[in-house]
Amino acid sequence: MNSGPVARLDNMTKKNGAAGPRENNRGQTLVVPGEDLGDSEGFEAGHGVMAISGRLKAVKQGRLREKGRSISVEPTHTRYIPRPGDLVIGYIEGCTNNIWFIELGAPFNAILPMSLGPGKIDFGGTRSVMDIGEAVLCRIQEVEETHSSVVTMKGMGLRKIRSGVIEEIDPHLLGRLIGKGGETLRRLKAETDCRIVVADNGRMWVDGELDGILDVRNRLSAISGDSNGGAN
Amino acid sequence: MGGYGDMQMIDENGLRVDGRSPGDIREITIETGVIPVADGSCRMTWGTNEAIVAVYGPMEAHPRKIQRQDRAVLDVAYNMAPFSTTDRIRPGFNRRSREISKVTKDALESVVLLELYPRSKIRVTIEIVSAEAGTRCVGLTAASVALADAGIPMTDLVVSVASGKINDVVVCDLNKEEDNYGEADLPMGILPNSGELVFLQMDGNLSQEEFKEAWQYNMDAAQVVHEMMVEALKRGDSQ
Amino acid sequence: MTIPIVPKLLRAHLSELSGKNARIDGRTQWEGRKLEVEHSVLPRAEGSARVRMGDTIVLAGVKFQLMQPYPDRPNQGGLMCSADVRPIAGRHWEAGPPSPEAIELGRVVDRGIRESGCIDVDSLCLIPGEKAWQVILDLFAVSDDGNLFDAFALAGIVALRNATLPAERFEVGKDYPLPVSKTPIMCSYHKVGGRFVYDACAREELGGDERIHITLGDDDNVHSLQKGLKGIFSTEEFTEIMTNAQGRTKELRKIVDSL
């Protein structure tokens, strides 16, 4: 497997559009890191875009978005970044005598101090109340650079999740899942007869009859554009 | 470096052992999204080289001691699979792989916007499953594609290619024989949009003029390879 | 390997699914995932294969070396199987020396192939007491979405059956195909939600209990068995999976032999 057709510098000149912005099959422009997006005069660098020396440059791989004067890149895969006030579903990864460590699918874990936990617990009693592997619905209280972010369970509807399943969806698809004014989500709940709580970190709690849960799962796969398990 | 200048590697028509002209690059293919369980991935073949790269993260940095408060850390590992070379490589600690892991990490840390993800870790694993000279180049190039595929922000992609000298002729993109028996090897890691560098090594014997020639070959080749990388990333994204 | 946290809800859900004879990815109890098998995919290996089962992807490479036969077996060559699961294959796989999980993988696959006698180590001898072939099978995980055992075992036998002895490179004659007289096939079963299922995916492994690996030869002869992880099973449960293995190994053997 040695000599075959090779790339020749002389005939590999910049092909039409290959190096410039190109459209996907939904007519959206695709960009890659380092790609020039034009003059920065009069425009604002949004998510995934930087302004350098009077030019706008893409720093992420994804779809170009223009909203008013803001130019941003919507990546194909997003990682959830915690913000104060976000509703999140996390898994308990560990605990000490008075803190639970919560895994959020984010670049770093959060802590849930006993004082912000469910009800009243004695020091040392953390594991008996919520054990490793349990799922919790909670809210981001604060995100600080100098210490871990903090979540709280003090609030309406926040609780340990005792039944049902947790499904995952890429955070950038949450908009599509919920729909305009929440219409798509409302329809999903009604048609599958399931309780569904959608969190900001790309996780959702689905509870109901098994058939309904499987129905929700299938519809989620369709939204993600996946093809499911499959047979041989 | 061999420095065996008397092995004939350029014929009377100026063609190399594999039929290429001095300025030609070997055949390259690039695919993204090849490892379903990873956050980003890339498979790149370059001549008989094949590299597969997976990116995981950003994620919680374990163990705690490697965590940095001000930015993410890049955990880069380059490894050659036992069946990647003619003589089997015994698995285990390998100094060459450690060095390449380090210089690859140094290169990638120069372009990834690490400050956006403090206290986290981004894991980049480069596996060479088939080797034919220039594995560190294909590894670094494929790693930058995999990082883009994973949605990690970078100021530019990185293209790495090695030029050198055989029978006193400066040539682009050394193959196995040329790397073994040639007189110089100059691998570079280039940011295609600005022409700046993040990776540079050299060994052998080049005059100042020859050095400039080899440098320019790498710069030109980087533009060509960059086209293919962009094409592959956009192809993967438009599905 | 870092042991991932097992979400408690997952185990409850898998129980509910198995009670209704369903699985988390929509398959039936004995159904395998989509299978892709290719051979001769690695240019530097003397034999190779790539196997994809669902989202689990592995490579197998066969390399040959010359060895001196062991003093107590002067007329025999050698066969060595080595499995490596590196961090590329999944978040939970760590760098460093092979974990107990990776070692178990390699040894179980090795036994299945070795005990079938498909490689005749006597035929690998070139000069008794002096020179013999050593066959080295390296198994390499690229993407771990569950059941690396079957993927490795399948890739291993396909790589061996498509291997060529590089006699010319070692100057001991002309190249010729490695003689492989049989096709041992492994089938793995995982107890998920209280019952055994075939070809578990990663989530089933995460929320499941013990697993059993069965390697059968061309004649349904049993060549190796292994039970792994914590759990208890009955004779009836074992008989059921052994029956399934007899059928499934035949299907896979047909695919391997037709390549």
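In this document, chain identifiers A, B and C correspond to the written order of the chains, with residue numbering beginning at 1 in each.
Just so it is clear, a residue touches a chain if its C-beta (ideal position, glycine included) is under 8 Å from a C-beta of that chain, and two chains touch if they have at least 3 such contacts.
For clarity, every value in this text was computed on a predicted model and none was experimentally measured.
Chains in contact with subunit B and with subunit C: which ones?
Joint contacts, listed by label: A.
Of all the other chains, whose mean CA position lies farthest from subunit C?
Farthest by centroid: A.
Counting C-beta pairs in contact, which chain pair ranks first?
Maximum number of inter-chain contact pairs occurs for A-B.
Could you grab the centroid distance between subunit A and subunit B? Build each centroid from C-alpha atoms only and quote it in angstrom.
Distance between chain centres, rounded to whole Å: 31 Å.
In whole angstrom, what separates the CA-based centres of subunit A and subunit C?
Their C-alpha centroids are separated by 36 Å.
Among the residues of subunit A, which ones contact at least 2 other chains?
1, 103
Do you know which subunit C residues sit against two or more other chains?
Residues 43 of subunit C touch two or more partner chains.
Can you list the residues of subunit B that touch 2 or more other chains?
In subunit B, the residues touching two or more other chains are 48, 59.
Any idea which subunit B residues touch subunit C in the complex?
Touch residues, subunit B against subunit C: 35-38, 48, 50, 52-54, 56, 59, 62, 77, 79, 81-86, 88, 91, 123, 125, 127, 129-131.
Going by the contact rule set out above, which residues of subunit C touch subunit A in the complex?
Residues 5-10, 12-13, 16-17, 20, 22-23, 25-27, 31-35, 43, 54, 201.
Provide the residue numbers of subunit A that touch subunit C in the complex, in ascending order.
On the subunit A side, the touching residues are 1, 91-93, 103, 131-135, 161, 163-166, 210, 213-214, 228-232.
Would you mind writing out the residues of subunit C in touch with subunit B in their complex?
Within the complex, subunit C touches subunit B at residues 2, 42-45, 48, 55, 57, 59, 61-63, 65, 82, 84, 86-91, 95, 136, 138, 140, 142-145, 169, 202.
What does subunit A use to touch subunit B in their complex?
So the residues of subunit A touching subunit B come out as 1-10, 12, 14-15, 18-19, 22-25, 30, 32-36, 48, 50, 57, 59-63, 75-79, 103, 107-109, 145-146, 148.
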